[in-house]
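Which chain is which? They are A, B, C and D, in the order written, and residues in each are numbered from 1.
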């Protein structure tokens, strides 16, 4: 790739949009050409997010007024449901576009599964078929040639990475997977919402979407592929009083005589050469704060007190590997750039 | 009971000690006579905890200098290990004493189990045999006549209350219990400790004691009694960035044809008349903040997307029902006082 | 007063409403008869604030449907502006009512000052004249016979208490008062508001209403009365990432040869017999957390490195002494009850 | 400068050390050769700070065993008091070294002032005379040729930047400066300390070092130089429940007929070309979170309700512009590198 990639962001005024900008502003191979935010059109990013004060960025515009002929790549950070139409139109406007979508609209490959979990028929079935699931470590080759990458959910990324290699290796029982996935608040987005006020959610913790969270459908899809059979994990998201971080505690039972150490070995092997997945020493417990602000997923494996049981713990930053960081990683692949471009900084701790 | 009960606290300078004082100062049937804190002897409580400024409280003294003939009741809020000797000596000094112990020293009735989990023989085997497990709702009658009440751990209380009635009713599979138990920071105590600095633990989350936390032994004991057989749940504590609150997500499989609704019914029945255990409406998810500062345990039952599986959620304030609140509840029973004396206030939220 | 006072709350679904309930439920002289919340009418308090689960409370109703003949006392915890009309109507409906108003509508005694700060003429000028400023320690006798008590703002209470005795004693320069008043988030109320989302306000701090916050008008009024001349302090509120607490750092210059110690003496004398104002030892610095959940104001005085300058620090819980706690304190006075009824518990820390 | 600068860090296991590493690992002109941490010698950085897992970094060693002939540059992030001896020895070992010191040892140029504030004679008076105060924007030219740069304190940086241009322009009264400077917890360092436990400091706020904080001496020095006379501001640091951020509210009175707008103009002019100091629009209030993780200082100027008074607000990240970020900025200058190398990323928010 010679020259810089001309990039647009649809939905720049949300948290994942701001995180994309944080990564793309210093990205050596990117030129930002287009930023949209329908309700903030006409404003500068610095008005919406003062951390961008002093930067020379495009003024926010409406999607309808965006000239897509000016960009090579588009990140879409919009609500699910409407995104499928927006993307369909975008490709009509500029068929050469490459799109990394951060919504949920193209994550499920099966139209029936989509309709079940989202309550309506998909409005862009052809694109749904074409889209590549953007879990980089498992779909790298397909992503390199994709026109539309469907970035996975933050809970999904964090829970798929540690489990898929175990299912493929046959070292855990697919019928006994329990996942308790703690998340920070920024995943809830920036919309005004009584339930997300500081006074409502600080100094306390609670589960939500219990037994039915939509990210579960992504686990079903990827676990099923890995196991070659249906896998229906128990999955509960829990909201913790912090901004960033997904922390999934995965309770498993070993299979085929495997020990906890074998689970660790399977994961260490699967991710040995990955720049953004780190399998910690056997027995070491990750902390979400050690991946804050970085694109890293840290995974730990601990033996339970009883043989045949183990705890696998996986953590990411929901705005990074769980959203915008992985989106940039996929973007790098699509455009033949070094996969770590713009993503090299260590985590921010404390 | 006529007149006030004369009360002492051993270990008044820790968080559970301070919480005992918060409850006992306005308690209508209590006269505080004795407060110890070996390293702070000679100071006033207001020097150690300025929220007690202006109160007329006994000066802090050393345990060795405490005159136990002046008190009817003693709360011991000391580290485990040494407590057993202290209590043994206290009964020698004043055999009529009633003691509520907040340490772990007398929670396990089986000497072998104690030795296994705590790494040494128990030093007061007779008292270990005599002590009554202080989970009020399940040992109320024994507590009323006890001389020594062994207050359960905060994780234990929170995870025993929602599970024991289910095991007794035979509606869940004892071999498939997974507990992910989030806790606030105050349970770690007031000792200087790098790992508990604000900058270390805020804005992040992590598991600890994975696969081997000592509170698990209390679950084993009580679950085993309830089921009439060995039960070894998977149990992982997780440290969340908040001061107070235990939040246990319990993943179960139903047994004997029971549905999630049957689990709810069994819990609602078990706790129908309890002042401090509230079973929420079927499907309602508790929040830890709604029990903050109160002695209440709130329990919710939610069906999983698959039949035969359910999520039971239980929450307490670790310093209240998980420690000092339940200790006062037990004290009230021991002295024939109304069980809710000094414990009537609703939770502090926000 | 024989029997219990029958009490209603207008605006029970906000944070100050919930805090009133927390205090009034265990209050020994109160019977709760009436709770309103226009947008939540028909619900139970437990639906709106699950910490009230299990209590036998009146169902939420609309103000228009409230029968005021059933109550002796009314707490109004409504937005400013509309409250004056609501209270005017309430007195018409039941002239014997006693009302403690937590809004800003009756705090300013001067119609012109009201119009200036609130942008419109007052709609109940007679009541404005009649209302007693509810800063208990300074208006106790008037409150005892008041029909309408205008509870001061949280910033105002916290900054008036430490300064008025100094102005009266003539030990500080009225022209050199600077107040930096930190506040927790709960003062912003429960309305959905992007600016108060957890992710917006956690892990950071910022000033607001700089140079023009409306509570300043209450300072002007009370400082002016105390000094017998105009006093226009510099006052800036700052939003800190915590739920509760006002923490005012007051920078003063001494006058008439006074030393910092003299300031301390003046405050200690002024509040020597007050149950809810504690002047700490000279040089001791208060922490907001030591008044959390209590009705206490703690005040410290520290000498600056230069003679003639001092720092006076005052802290309250904004929902307690800053709102609902002081409202109950005033209610107690109005009904001849012990002033500390329902307010005796020490602060919740940690 | 051709090739990379070989860099060592003394004191890599503290928060400022970790932050230096976060910046220097991806720095394009740096080769890390040497990391010390006396009590953690023999460990890897990943053992001390797991966010550095997977990086190829020097093993931690003791200062006594460090070979300073291998490095061109040294960052010292050690406690004050001992640092002066360590640096003195370092220059003896390698006279060509360039050192950026993050301790307080060389910030005060006046030996008498040092002795007064730190309680002992300085042990390296020659170096004290030689050291350049590392407030980049005001000592840039001297820093470029310095052998020893004394990085200012976090409170000092944040309060000197907004005030010095005003004193130089003569638009404020030097005798009426009041500074209330809020700080996050990471400035207190990583040593075990009861007072900094999460449960002690979360959900509350308090002042410390009132009337006598040592950073005040740096203000005195720099304000005095700017005004050409003694300036003794009132300065109080306040600990807020967040990890990062300094937020100084500076209360001033205008002089020589200046208006608040003139203060804004003076600051805007002074920092017009600075990459890391941003003067916001007149009236705009900064938030500390908008500089989190960045090397930026944001400054706002707001008029008070009374003419002749203004509020100037300045905010930095205490680990960045307040410590390690400014240290890298100074390092860049010393080695003739682009001043923004390694410091280009926007702030992390949320």
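Convention: a contact is a pair of C-beta atoms (placed from the backbone, for glycine too) under 8 Å apart; a residue touches a chain by one contact, two chains touch by 3 or more.
If you're wondering where the values come from, they're calculated on a predicted model, not measured in any experiment.
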A-D against B-D, pair bridged by the larger set of C-beta contacts: A-D
Chain whose Cα centroid lies at the greatest distance from that of subunit D: B
Subunit B and subunit D: spacing of chain centres that average the CA atoms, whole Å: 46
Whole-Å gap between the CA centroids of subunit C and subunit D: 39
Computed distance of Cα centres, subunit D from subunit A, in Å: 36
Multi-partner residues of subunit B (each touching 2 or more other chains): 15, 185-186, 199-200, 202-203, 241-244, 286-287, 290, 292, 349-350
List of subunit A residues in touch with subunit B within their complex: 176, 178, 180, 182, 199-200, 202-208, 210-212, 216, 232, 234, 236, 238, 240-245, 247, 249, 251, 285-290, 292, 302-306, 309, 311, 313, 349-350
Parts of subunit D lying in touch with subunit A, wherever the complex brings them together: 15, 18, 21-22, 25-26, 49-55, 185-186, 202-203, 243-244, 278, 280, 284, 286-287, 290-294, 298, 319, 344-350
Residues of subunit B that touch subunit D when the two form their complex: 15, 184-186, 188, 190-194, 196-203, 241-243
